[in-house]
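Accompanying notes for the structure given below.
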Amino acid sequence: MAIWDDLAVARVFDLAQPYFTGMPHYPTHPPFLFSLTKQHGDSVGPQGHSSAADAIALGSHVGTHIDALCHFSHDGKLHGGHPVAGLQSYAGGLRQYSIDTIPPILRRGILLDLIGGGPPLSAGHEVTPEELAEAARDLQIRRGDIVLLRTGWGRYYSDPRQFINDTNCPGPGRAGAEWLSAAGIFAAGSDTVAFEKVPAPAMPVHVHLLVESGIHIIECLNLEELAEERVREFLFIGAPLKIRGATGAPLRPLALVP
Amino acid sequence: MAIWDDLAVARVFDLAQPYFTGMPHYPTHPPFLFSLTKQHGDSVGPQGHSSAADAIALGSHVGTHIDALCHFSHDGKLHGGHPVAGLQSYAGGLRQYSIDTIPPILRRGILLDLIGGGPPLSAGHEVTPEELAEAARDLQIRRGDIVLLRTGWGRYYSDPRQFINDTNCPGPGRAGAEWLSAAGIFAAGSDTVAFEKVPAPAMPVHVHLLVESGIHIIECLNLEELAEERVREFLFIGAPLKIRGATGAPLRPLALVP
Amino acid sequence: MAIWDDLAVARVFDLAQPYFTGMPHYPTHPPFLFSLTKQHGDSVGPQGHSSAADAIALGSHVGTHIDALCHFSHDGKLHGGHPVAGLQSYAGGLRQYSIDTIPPILRRGILLDLIGGGPPLSAGHEVTPEELAEAARDLQIRRGDIVLLRTGWGRYYSDPRQFINDTNCPGPGRAGAEWLSAAGIFAAGSDTVAFEKVPAPAMPVHVHLLVESGIHIIECLNLEELAEERVREFLFIGAPLKIRGATGAPLRPLALVP
Amino acid sequence: MAIWDDLAVARVFDLAQPYFTGMPHYPTHPPFLFSLTKQHGDSVGPQGHSSAADAIALGSHVGTHIDALCHFSHDGKLHGGHPVAGLQSYAGGLRQYSIDTIPPILRRGILLDLIGGGPPLSAGHEVTPEELAEAARDLQIRRGDIVLLRTGWGRYYSDPRQFINDTNCPGPGRAGAEWLSAAGIFAAGSDTVAFEKVPAPAMPVHVHLLVESGIHIIECLNLEELAEERVREFLFIGAPLKIRGATGAPLRPLALVP
């Protein structure tokens, strides 16, 4: 039986949030801009056709996106100890671990639902290793997995002020990040604007995952539907825009449930 | 056996071209812009971390992308006969058949290799139904399939002037488009900047597929590796950036071969 | 008496059109995009302040703007016979005659009102040397002047479709351009999207002024108020955004009448 | 004698810094992006012409720019006590005191050179009323003037990291701002990225000038040439890009010295 027949009966969950003018974005990243370049009827062809098209501008870390390992450095070094000096320029971006070097991702995904039927986590909540372990009960996290944390904040997405909350959001601290990295996962993600309890001046989760552990981070996911259907294990499929030299890029990840 | 185990042994082909400053784009669509927003070291955190990030701007039909059905109209009407008047605005885009209404695409894909080991098609070459039928020999195209045409122009991508060629490129004409639509496919694509022999003042292929037939168009694909491996049938996976109201959007499509 | 006292009694006319989402733009130039980056209240400071700011994207020839001499070439050469090969790159723009090399412009300006109290020129109207001479009656055009042509199309600006008119607009042809260049002016401008009767496949006015004559072109001016007040001679003040390597840039020109 | 003859012998100083990829920008504002949209030779017309053009994207407060009064609010109110609620939207910007409501500026300008032939002010230096008074000795600041402070940081502009300095820059505090507002000036400006000693969590200078006093702020000026020529009094000419609803906009200000 061909694989597309298998997939024909699989359930597909869309884990991406939409892009729209006024959408939430971390304050240091450029916002999303949109306009048609032309409207239908502005120009009409010899046999009556017309077309419309669009222009956009955005930060590469705006909307549902994945961080390249080169997004963060520590003591002047990228993951693997590469000194960042000489590896970066404004016009060309980064020459090591940039987003275009991430191969398409098709991996086992695990949803750690931190709230179940309850309300979203409070802004000041630090997700602990114990909470992660409890959410992962009966599931074995394996090397190379994608682990996604549901805080419930995905439902705030349509209200940018509530979602960004002046960058006060729940998430793991260093202890939670270490619990995740110990499992040797490929990437960790969440439904918040930062995979980290913020504000966090030292950004320990980003440093530990990206720089120390070589683990990618995915942010601004929509995990509501997955949680509603009580899916905990799935096939994660995603591939970021292949932007040469970029430190991150939008992606529209999917979860497949056989 | 779980689906990820099946996939673990599948070959994955990346059908997307990269984004970079100076990359090719159809002249009426805005080009791709890129810069870091900050470099590593511009700001250093209390425990020695630093980060870099990026900003981009582009036309939504630039790079490997898919057209929404609302991209074209004919005699003032979209696919399905919807009068476009009242359905569009510069700030909001289109309110019918916009790109964010396309569900994630996981479908059988067919590669019609029009050149095999030969040179790329010449700029003035119109791909005929006979050529399509010959390339599809022994394969049955089914309703809902994704059919991709390889002209060989994908290898010109790194030379924008050669790839755009002052918008003189090979592709199907109306007859070829009708051969495709007769099979009831979901989308047709190619490795050229336009799925149409251009210049074509009346754009008959876009009108026939998008407006008359409700068939999506994918452009600027990289089909070279797929052709090299003589893959003709595969699982196509792709999901465009979910831009509210847009007439098209970037995507990074994958081909899976079990 | 100080110059600012002189100016205090001068009338100042604003010759720029506004920037707004959906504003008119020549189809091959990227449109104007706008969004706030943040709203008041998204973040509130320790003593109650808040701020809002904006992001924009646009083609450098969108809105009221001036063309650098390097905007056009002929037979592979820029003004002065410089071969353009080797002088350009996507990331860096042009290295000869770019917009940032134009010093601030403070020069005598002349309004040639082609319609007076009548209706705007029709789309197919080519402005002839005779019409220019008639509009310039009693005025001597001198070397270094700025000569602005009023066609009346400035009043269409708020209706992008009418203003662009599928790029069918009135303007001078080569004969008119030669009449202007004979006077040795510094720049010529108009209230249309192109200083040229368009469509014009060979773009003779742009070639004659920019390449052959070294005369700048200013487009999308608002000349309505100036005409209403029957001003024909004024001090033109303008300086484009100093964009390194650019072929054109927005400016907000002023006319001063002592 | 006509005004343009007067001006013909005036010295003109360009107070704007250039725009270029990698240029300095306050971290919360989007960076400047640039690319050609096409190169000369990509398309050649019937008689041998070709053209190149550009696309840009940027924050409206990037580069030499002026703040609209609506850029800041205090306790939810704009200058004049207007509650900001209901006056703002991401797509439309601000409906009160936006940048497009500032008429062209032609006013007496005063340079307060805080360093003379000495080195630039240190990053932690707060400019005091006494320093301002000393720099203004023998000059009377009048209602409606433009007062520009030279700290010497303009010469750092070509080194973005030094110019931004992790947003540690010299400037006035509230006391200096009050000294300036007492004179009833129209705008105050400087050669730094912020007209304020930063970091300043409560941003007292911006609040006092924009919100409490209705005085505009101009930032990122190049005052080096003016200072070198020991010009202290001049005609300031400037007009920002007329962006509907924006909280700030680029401008290229000039200083004229009769």
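For reference, chains read A, B, C and D in written order, and residue numbers begin at 1 within each chain.
Heads up, the rule we're going with is that a contact is a pair of C-beta atoms (placed from the backbone, for glycine too) under 8 Å apart; a residue touches a chain by one contact, two chains touch by 3 or more.
Just so you know, these numbers come straight off a predicted model, no measurement behind them.
Q: Chains touching subunit C and subunit D alike, please list them.
A: A, B
Q: Under the over-half criterion for shared residue numbers, do copies subunit A and subunit D use the same patch or different patches to meet?
A: same
Q: What rotation angle, rounded to the nearest 5 degrees, superposes the C-alpha atoms of subunit B onto those of its identical copy subunit C?
A: That pair's rotation angle lands at 180 degrees.
Q: Let me have the rounded angstrom distance from the C-alpha centre of subunit A over to the C-alpha centre of subunit D, please.
A: Spacing between the chain centres: roughly 37 Å.
Q: Once you find the CA centre of subunit B and the CA centre of subunit D, what distance in Å lies between them?
A: The separation of the two C-alpha centroids amounts to 44 Å.
Q: Listing for subunit B: what residues touch at least two other chains?
A: Expected reply: 21-22, 27-28, 30-31, 33-39, 41, 55-57, 59, 89-91, 160.
Q: Treating touching as the only link between chains, describe the layout with one word: line, ring, star, complete or other.
A: It is complete, because no pair of chains fails to touch.
Q: Within their complex, state which residues of subunit D touch subunit B.
A: Going by the criterion above, the answer is residues 21-22, 27, 30-39, 41-44, 55-57, 91, 160-161, 164, 166-167.
Q: For subunit C, which residues count as touching subunit D in their complex?
A: Residues of subunit C touching subunit D: 2-4, 6-7, 10, 12, 14, 16-21, 28-30, 33-41, 45-61, 63, 70-76, 78, 84-85, 88-91, 93-94, 100, 103-104, 106-108, 201-204, 206-207, 211, 235, 237, 239-248, 250-252, 254, 256, 258.
Q: Which of the residues in subunit B end up touching subunit C in this complex?
A: Residues 21-22, 27-28, 30-31, 33, 57, 59, 89-91, 160.
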